[in-house]
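Labels for the chains are A, B, C, D and E, by order of writing; each one numbers its residues from 1.
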Amino acid sequence: MLISCVAYQNGRKLADIEPEDIHRYLVQPDSFVWVALLEPDERVLELMQAEFDLHPLAIEDARHGHQRPKIEEYGDVLFVVLHMIEQAEGSELRTGEVDVFVGRNFILSVRTGVEKGFREVRTRAEREPELLRRGPGYVLYALMDAVVDRYFPILQTIESDLERIEEQIFAATSPRANIEALYALKQRLMVFRHAVGPLLESLGNISGARVPVTCSGMQEYFRDVSDHLHRLDQTIESIRDTVSTAISVNLSMITLQESENMKRLAAYAALIAVPTLIVGLYGMNFDYMPELHWRYGYALVCGVMAAIDGYIFYRLRKAKWL
Amino acid sequence: MLISCVAYQNGRKLADIEPEDIHRYLVQPDSFVWVALLEPDERVLELMQAEFDLHPLAIEDARHGHQRPKIEEYGDVLFVVLHMIEQAEGSELRTGEVDVFVGRNFILSVRTGVEKGFREVRTRAEREPELLRRGPGYVLYALMDAVVDRYFPILQTIESDLERIEEQIFAATSPRANIEALYALKQRLMVFRHAVGPLLESLGNISGARVPVTCSGMQEYFRDVSDHLHRLDQTIESIRDTVSTAISVNLSMITLQESENMKRLAAYAALIAVPTLIVGLYGMNFDYMPELHWRYGYALVCGVMAAIDGYIFYRLRKAKWL
Amino acid sequence: MLISCVAYQNGRKLADIEPEDIHRYLVQPDSFVWVALLEPDERVLELMQAEFDLHPLAIEDARHGHQRPKIEEYGDVLFVVLHMIEQAEGSELRTGEVDVFVGRNFILSVRTGVEKGFREVRTRAEREPELLRRGPGYVLYALMDAVVDRYFPILQTIESDLERIEEQIFAATSPRANIEALYALKQRLMVFRHAVGPLLESLGNISGARVPVTCSGMQEYFRDVSDHLHRLDQTIESIRDTVSTAISVNLSMITLQESENMKRLAAYAALIAVPTLIVGLYGMNFDYMPELHWRYGYALVCGVMAAIDGYIFYRLRKAKWL
Amino acid sequence: MLISCVAYQNGRKLADIEPEDIHRYLVQPDSFVWVALLEPDERVLELMQAEFDLHPLAIEDARHGHQRPKIEEYGDVLFVVLHMIEQAEGSELRTGEVDVFVGRNFILSVRTGVEKGFREVRTRAEREPELLRRGPGYVLYALMDAVVDRYFPILQTIESDLERIEEQIFAATSPRANIEALYALKQRLMVFRHAVGPLLESLGNISGARVPVTCSGMQEYFRDVSDHLHRLDQTIESIRDTVSTAISVNLSMITLQESENMKRLAAYAALIAVPTLIVGLYGMNFDYMPELHWRYGYALVCGVMAAIDGYIFYRLRKAKWL
Amino acid sequence: MLISCVAYQNGRKLADIEPEDIHRYLVQPDSFVWVALLEPDERVLELMQAEFDLHPLAIEDARHGHQRPKIEEYGDVLFVVLHMIEQAEGSELRTGEVDVFVGRNFILSVRTGVEKGFREVRTRAEREPELLRRGPGYVLYALMDAVVDRYFPILQTIESDLERIEEQIFAATSPRANIEALYALKQRLMVFRHAVGPLLESLGNISGARVPVTCSGMQEYFRDVSDHLHRLDQTIESIRDTVSTAISVNLSMITLQESENMKRLAAYAALIAVPTLIVGLYGMNFDYMPELHWRYGYALVCGVMAAIDGYIFYRLRKAKWL
């Protein structure tokens, strides 16, 4: 689906144009064309390939999707793949992809799998013609910046989920639920690692020393994106580390809980076993058991048992077994 | 076994030729010879070594097999080793190897240990003469692309196996089977790591800055293979990480299950131990135990025991021990 | 909030100046301006941006805060972000940030989130004009040195906390508290890792071979800061490693404690179960049980039970179960 | 002990010579001397140092032994240390060392600690004069190739040992023996890591870009050795990884086994505890317990107990506790 | 404290000199001054700084101590920090430091915290004037070599301690002591890691390609030190790895021991519980229990109980529970 196809000159919108007319605008000086597609069909992709003279391998990637984030050069054209992450219902994450082709005088974005687009990016860019005048390289920056900035709130959700699980671990109320939650959280985190890690690696190519021509003069901007990715990366690593520790702490808490239950159990067993022995004693049928004939023998034995249990109880309570 | 031996000129098939005639075609302009062998005997290998002037160390490797994936230069000739992985019966994996020698005007592939060959690669290549005209470098790309693309569905099988195990872990029904399954899955994954890791490393040599002459102008194609390998590598690492976590989560679940069983056990023990004490009490032989002579003493004691057990049952159920 | 704004010439204080007059002093030879801000409002930041001609992306970072430590070059201007760590009440850590802009003839520090400022740094610098004469690069060193030196005592607190926890682990008195303490300590340590690691990495840029002009001739000083950070980094890694080991040792201690409790328990159970069997034996109602009619049968049985228990007790004590 | 001392010219054996005459042969064109020592005494080493003009630090290393594998250049002379590993009786490994000095026209090997020497290497080399003509560099390759090839069968023994342990782990019959076996296997593996890892690192120096003069033209051969070491290294890492997993799987199996024993235990306890309560009930001495006077009370109670136990048994069997 | 202050010329001792006269000897050709200090006071350090013109940051480091091992260049002067490790009473380690300043014609060592000095190094150096003639670079090598060689025996003590603990783990006699010992051993090992790791890293600077002028021509010697450090490093990593495995093996052994105790326990419980049920049975007060009136009923029941226990005992012994 074609979302928009606009020609810009000197940072100002020239006209909404038809995709078939793109090549006419590409030859104009100081201008570029910005096309946005959403899950395009085969025909549109072929048109774009023809208009912008895109490399078949890059088009192949865009067609199939499910690429890892990357920044590749095909001659003068940059091919950029970004993962987009959206919070779906529940705590599930929905992953989409935006593939961007950036040439000297055009930029083409192909979005798939997520709902939220880049309308606001375009609106903001059009309000700042002095920046937009820098051309497709600046638009690429603006798109990447938007994608990366959307990672932050979702990762914060994960962080606060983790904090909630931590509290439950130390409350030791629902170890089974904790394990499941930690496991699920780790899976969600993996989605971020796959989005952030490879992109960070690729970004070195356009913010470092040797820079593709389409991004020249933009290094400081791409370094800024790279810096955001570094922060995300650091947070991801922290969470990962914490999740690992939390899983092993949870195991410790389960073992500890079991150990404490066993102590309480043993305590109660003691409170019952000792009197059981005593009552068994006076159930013996010996002819000569003087206590059996005492007037208050029964009461006395009951008293003795109560006293023993009282003492055991006192000792165990002191030892914190009860 | 010789599968095929064909000479190509300008991207088009010239003729099926006899191995002994290879040297005649090697001197023709704009042409190359593509030979495919399957588990060849000594004699055939020696013939190939003579026809193509192959380095003895490379031939030695091809003869013995069981190499790690690699890409080596012997003068102008590239020697490439790829692992092929096939799903055998059950969840077992069958590993084979294809050794490829690529020269300026020839390509020789030696396949061992797997059933599926490269007939379809040849067929497709012959349908696209404008690509095949690029020579042995392109054929090498086509072979590598085919081998690597066959990894994906098998790795997906492993991924879905892992998901099934995960469900069973949290269902906590068959911990022993889970451990065995995770262990076996990790072994299967190792096969992939050995296939993907070293190849990815070696590929840097033919997709990077300094490129062997046989692959010149093909960098974008080999980068594409490299990109596929990166995706596989990432998936492998994710699965590895998840398997480790799953093993430790499974241990937590076992411990937890044990802990819960112990609580249920203790609960039942309490329900029996307390009445046992009471019946022992009235089994004592004291002369003066007034209750023994009450008309409804027996019924009363039974009632009291039932009441106590009812209360214990209520308390334990509330504490989720039962 | 403006804390101070001073112009220096040849290493000596020239005058406290108004922010609006900064540009007048910037043109004077051999002089520089040193401005310190505390949580400045938007208006002040804009004034600074105008006076010093700062890059919008850097100002953006300073405005939003929550950056990772870094050293970035925007043309001739260095933009440095440092984390400041203060001990809050309890064992909590309070993290702040100081963002420093360093140009050829100015230095601007923007501090947020922590109480303690850099007054003493300025005082000391003003006492050493021969060093201050080196200009903003030296002031940057002095600020970094101050920030990094403040890390040491706080990290030592963490180290001594860890030692206290270690003792408790081996005393095995409060496993639950130990786990919580180790977990919290690891979180505190994470704050340091985030402060030290990225800064260490960035410092390579100004203490290594290619040095920004504002820091030229200062490499040995920045290498000194780098060296301090290396020491911190090493300590952090040691503590991390020790915490991991301590968590697993704690689990071992819990399991061991449980195992020892079970043995003690079993020992007491044996001391009770055996006499219980014997008293049951003599509670049987057989007509012909000669012992029942012995004069000292009762006493004898009691004696036998005591003897058996004594023997069991002796054996178990020898086996260290009691 | 001097094993052999031979002069070669143009790849053919010239003569067995006396160590004292070495210097005479060193001056002849196209020839080199190959000396093999076994645990030499001080005097022989000094003679060699004098004849070949060896660096004192290298001689020092050869004298003391217990070096890590390495390849060092002392001027034009290469000093190579290799670990030799032999299967001793039992599953123990015996580690020896061979120190090799390689100059432009000589090669000296000093072997210690292992039984098997390099006679077959020399025999094979002498059968291939066209290769031996390449000089000491080729002999070095042949020695390294022999040493490295001897690693493979021993590592395979370790691999098959590991497979046997794996089977026992899942059979769960001898957890204690498994732990000990895994631990011992890991120690044996360490011997290989120390032999392979450092050598692989050092080999980069003589198979890479800048090559010592004694090895020039031999890069493909040393790359072959390097490739073998890579395969060993990969196998070692796989085994290491598997051993770690196996240790934790074994712990899981122990815990699981314990958990299953506890369930079986609890089941039997239930089968005994319930009848014990019932027989206690009818051991009570109440005056009015009508059942006691029934004709078939005793039989009935026995029947009821059997029925209850039957039911419990059926339930527990269904729950797989028995 | 000044230990010695000696001037050397052409590798021979010229004279013991007063610290105040150092500058006179520094101007003499082919000579250098070697000063050794032990925990010097402020005044001596200032004198040295003045005599040798040392950089204030380096002097600052030497004054404060507690540096990580490092090799830094301040202009032509090398500043080297080494950790010294001594076996204190018990298994504790005492860590000291030696800071060395090396210039073109002087070497100054400042030792703190350990007892053993470098007298023997000086004695040996003075016996080998042809080496000492090489100047301060050689003395630096001799000091480093001495420091590093002293690490070996202490690390061997740790290795043999570890072996003793390993035996105890598999003997399973004192799990608690094992944990404590492993933990303490790991802490001791950390001392070595901090001494060896950073030094190894720094040594690259003086044994690699670009070498400071004071060490020129000495690369082979420093490579030798580096090689020793590599061996230490490898041993440290092996021990670390083994300690981690040992901790988890110890946990396995504890769990296993617990599991075996539980089985033995359960076995004894069975031996008691079954007869207890039987004696309870014949304690019932039914009117019609024919066995009670049999002549040998009592004996029979005792026999039956013994037989049952005998059978249970036989079964459990066969199952290795007893």
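Here, a contact is a pair of C-beta atoms (placed from the backbone, for glycine too) under 8 Å apart; a residue touches a chain by one contact, two chains touch by 3 or more.
On a predicted model such as this, the values are computed, not experimentally measured, just so you know.
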**Q.** Where chain C and chain E overlap in contact partners, by chain label
**A.** none
**Q.** Relative orientation of copies chain A and chain D, as a Cα rotation angle in degrees, nearest 5
**A.** 145
Q.
Nearest whole angstrom, what separates the Cα centre of chain A from the Cα centre of chain E?
A. 40
Q | Inter-chain centre distance, chain B versus chain D - centres from mean C-alpha coordinates, in Å | A | 25
Q: Mark out which residues of chain A touch at least two other chains, giving numbers and ranges.
A: 248, 251, 255, 258, 262, 269, 273, 276, 280, 283-285, 289
Q.
Using the definition of touching given at the top, classify the network of chains in this structure as line, ring, star, complete or other.
A. ring
Q. Can you list every chain round the ring, opening with chain A and moving on to chain C?
A. A, C, E, D, B
Q) Where on chain C does chain E make contact in their complex? A) 166, 170, 220-221, 223-224, 227, 230-231, 234, 238, 241-242, 245-246, 248-249, 251-253, 255-256, 258-259, 262-263, 266, 269-270, 273-274, 276-277, 280-281, 283-289
Q.
Touching residues of chain D toward chain E in the complex: what are they?
A. 55, 57, 67-68, 70, 72, 74, 175-176, 179-180, 182-183, 186-187, 190, 194, 198, 244, 247-248, 250-251, 254-255, 257-258, 261-262, 265, 268-269, 272-273, 275-276, 279-280, 282-285, 289, 291-298, 301
